[in-house]
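Two complexes are shown next, each including subunit A; its partner changes from subunit B in the first to subunit C in the second.
And now, the complex of A and B:
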């Protein structure tokens, strides 16, 4: 039994706790007092993994959050609880930091929810995803990665997971605010709850509500150019090829002229890995030590594989979103207009590029 | 009944029989073999294997806490839980079925232990029966405490001890078998020292793999990335070692081992380990997807992992079950190697060293 314990990892497991986000900071740069102040404030606002709380004014469904939180279990009627720990925690971690037990062996790494940045959305650049976007990723999965399709879950279970991801995300953004206040700006302790709520929590919560309330922030694809004949489709593909190769779009820099992901740009990193990159390999190694997961390079998609991780959607609608708004948190830029930027392609142009990109995987 | 009884003492064989003292020893000369313990041991082993499958499915689906009480099921006596409720919810169906099969295995173990105590003349067999009974009680209690405490560590231990019980049940099948008793049918071959010693290494290696696998399947939610990575690498390295060992046993034993059991068992073990390695690779794919290096350099395949799909459940659970089968096969090989080795030594006793003047 002793041998079994040694190999199996001995010890009763206490309830898991949210971990402070010290990534990217030397441990000594945050004093014990500051850590305690941040942790206490977060617990006061958001509770614990077993007993989550939704702060006042945050528009999350408390019953759904509670359904997803805590240890897994169920009742005789099949009502489930602890869904996040049952389905997600191995990869995404208790805190939603994308560094669950299995994360280091996965490529790409699981999403870190704490930044509130999600790759595959139908919203404009810089805007939070819709709940339906997160739900779509859950049901569809992300092909070619470890993110599974949870299509077999009941609709309410999917809703609960989406709500919990939003909860972790808002919590992570509030934590970011607290670190900025307490560590970077050296705010006086103890912290004022009202101020934290008004300046750190509610703005994050509102940023999630914004696209649900304001249709202007959601991408509305323009009418699709007709491609109902082979000639029309060929013309659309040819136009898309020209746009793809154009200087404005800059697609070839990463995806290459053949669309095989072999462009001239090789050193690509997403927003979660970019901070780990130093100028020299030694610097990179030093920076990596401040994070749980080592640096991971990004690979531009090889369109010939036909593997579009955000999905294709009906008539290529999801590809349209990717080209319009880019892939958030990555170097993939959007070409459509967004708040404060006019965009470099029209809706019709984007549809042509969609047709061209899809044609590459049909070859 | 008479054909089930094997006389252990027949003329010149008698002398030889008395020299064979494998542990637990064959029946003493003149005594007869009762067939019921063997039949019961078979029934126990055959019932334990689906129990391991069902336990594996419970873990694969994450249904370990689907029924929050124990030993009752939602307040009902285990055997009186309404059929309709049992079949209504998938998780409950899995967990309750696991408990019911477990209860059946427990009852079978009681009957087998009683049968060995009454029918088998060997003292060691009586105690092995008692050990099986203690084992099944311990296993059930571990499962119950895992539920009552919602404790992942106990789930891990429960998953590690299940193959041990299966191995014990399978050993009882061998030890009560007619072949084990039938000394005259054992064809002495060359000494089996290599396969005897290496047999233990294989048993230990496979069991260690089962423990590592259980550890990977029962991760604490806040376990560190470093530990998981270490377990995976150890699991891979040991898988390669076990595969090499099984192939070596098969290749070396193919030409040399005379007894049919020692030809068939290494072949079966090698086949099971090959299947197990393939299932292990498939388990990673259905659980975490196709590795990027594979799609980059080997085959550009697009695969989406489907959580809770039948494919995922079958592959992952089969990996658990075949691991247990490999364990009992290695144990059986080890037992038969020792048995045949002792028969060979008793036929060709080592020359006595001349006394030094």
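And now, the complex of A and C:
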């Protein structure tokens, strides 16, 4: 150590590394050989935090990814570098695991990008967000959470961060695949690069491209029922109230009859926290130890506060998206039709519910 | 290598013969040809202990509808004679040859019914390239069906309540047809966010060689390609069913034409206890 100080200077820090996703796994359940095989394959495909790579066939803009990656700084032309480490890493972590140094202090926790699931999107249920959705979250911030607005960044800087979030997400999904194959299925090592690309990387990349290419996967709200007179608005709110309480929509179950987030269902967890939940408190304590962050319960939104995490949007358009497709990665299901799901509300119904929900915060 | 080629030749041959059958001749010859290349695996799993009592589950949602059913834990189903149900038995070997007859005979859909406030069946397998996953509600209350297969599209589906009327047309939005895009190495848990006691498991595979033991503990994997195959056994209580003979619930077998009988496999109760 002393020798290292002499050679490199005491301010020397090793370059940051991506961390393996051992969440939920007892450490000894993954052998050193398996760990090395996964880490090596990931590095071969995606590079390192300082020198990221975009695997062949993955439609990410390499120059944008590079702009976000690496240590913070800029070049002589004033182009920013290292944007992710400058703006995001304290909460979201080098690996995008949502477990940066300050994460444990936050409620809700910062998003873990590695599952490839994002809550606030304009796409149908089960579909990845559009780049513009991630950009919207960056510019708006997430109301009622520690996520601030980055609206002051230059457009290209925002594009770079969006691209890097997608990069970390595709990398995280490829890593899930590798753990499935190498650890759970004990694939013979060394791994075949072509197979990993075909089965673990490209399907993840394609799922990100799908909504950008296929407008069918993006929510297209129908015409808004007119609410230009107080009477029309009152009628829409009344209709929305009925739909909100209807047997098929089930909104009251979590959000409560008053819309105060106090429904009968209390044991709610998102997909990031659900695996930490055991049947007994002892089991939960046991499981929590396998994760970086302790379990966090989900609180259904209290509409009276008017604090909507995914934003309200012009005429309540973002609320429409939330009701249509649900909130991804949470128990909140969508009531609009999506691939494989019939939906239980029409576009007009959804608008009425939007009007009702917004009316609660105006009081 | 030569075995694979040989098997492929036979496959092509039987496919050609099947084509002939469709034209109306040569039926017995097809049977002979496929009998030579394919074999069934049958067996029975038995719980070597007193059948456990199934705990009554807490039903505290939609009580006016669900409260009238005797809803019990389904995580360990043992018949009175010991038959162990709901074990997943499937071929672990990758890229197996598939008997062409199975593509014809496999039911077009696998159905998950929301009935009497539980999922029916509790365990199912699906050949996802050929079969569709049909999810339907038969209850007068809305149902939710949520599952997140690894590397595949997550589902969080709402199905409308069945209306209290004789008019079947009134029942809209009570069913969904889901598409899986990749095979899973273990079954995917299915939950209902409205009724936390509901649970089911589905295993999507890229071949038809996956099944679930019946109420009496028996199973049959029909028309497997002859030759050495590795099988996987999985149970929801413990995951891979680890036994002294079958570490991680895996065993190899040389499948011969005709019926290959695994016999009765006794499972010690401790093997189904979580550690």
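The rule is simple: the second predicted complex is superposed on the first by the 349 of 363 C-alpha atoms of A that agree within 3 Å, B and C clash if a C-alpha of one lies under 4 Å from a C-alpha of the other, contacts with A are read in each partner's own complex, and residues count from 1 in each chain.
By our rule, contacts are C-beta pairs under 8 Å (C-beta built on N, C-alpha and C of every residue); 3 or more make two chains touch, one makes a residue touch a chain.
Note that the coordinates shown come from a computational prediction; the quantities given were computed from them, not determined experimentally.
Q: Following the superposition defined at the top, how do subunit B and subunit C come out on subunit A, clash or fit?
A: fit
Q: For A:198, decide between first (touching subunit B), second (touching subunit C), both and neither.
A: neither
Q: Between subunit B and subunit C, whom does A:242 touch in the aligned arrangement: first, second, both, or neither?
A: neither
Q: If you stack the two complexes on chain A, which partner ends up touching A:271: first (subunit B), second (subunit C), both, or neither?
A: Only subunit C; A:271 stays clear of subunit B.
Q: Give one of first, second, both or neither to describe whether A:253 is in contact with subunit B, with subunit C, with both, or with none.
A: Touch partner of A:253: subunit C, not subunit B.
Q: Looking at the overlay, does A:328 come into contact with subunit B only (first), subunit C only (second), both, or neither?
A: Only subunit C; A:328 stays clear of subunit B.
Q: Quick one: name whichever of subunit B and subunit C touches more residues of subunit A.
A: Partner touching more subunit A residues in the overlay: B.
Q: For A:180, select first, second, both or neither according to whether it touches subunit B, subunit C, the two together, or no partner.
A: After superposition on chain A, A:180 lies in contact with subunit C alone.
Q: Between subunit B and subunit C, what is the tightest CA to CA spacing in Å in the combined model?
A: 25 Å.
Q: In the superposed view, which residues of subunit A touch subunit B and also subunit C?
A: Touching subunit B in the first complex and subunit C in the second, no residue of subunit A appears in both lists.
Q: Taking the complex as given, what residues does subunit C use to touch subunit A?
A: Contact set of subunit C toward subunit A: 61, 141-142, 144, 146, 148, 150-151, 153-161, 172-179, 181-182, 185-186, 193-194, 196, 248.
Q: Okay, in this complex, where on subunit A does subunit C touch?
A: Listed in rising order, the residues of subunit A that touch subunit C are 117, 125-127, 173, 176-177, 180, 184-186, 199-200, 203-204, 207, 247-250, 253, 264-265, 267, 271, 326, 328-329, 331-335, 339-344.
Q: What part of subunit A is in contact with subunit B in the complex they form?
A: 4, 7-13, 16-17, 19, 49, 71-78, 80, 82, 85-87, 89-90, 93-94, 99-107, 140-153, 292-293, 299, 302, 304-307
Q: If you look only at subunit B, which of its residues touch subunit A in the complex?
A: 62-66, 68, 74, 85, 88-92, 149-153, 156-157, 160, 208, 211-212, 214-215, 219-229, 232, 287-292, 295, 300, 302-309
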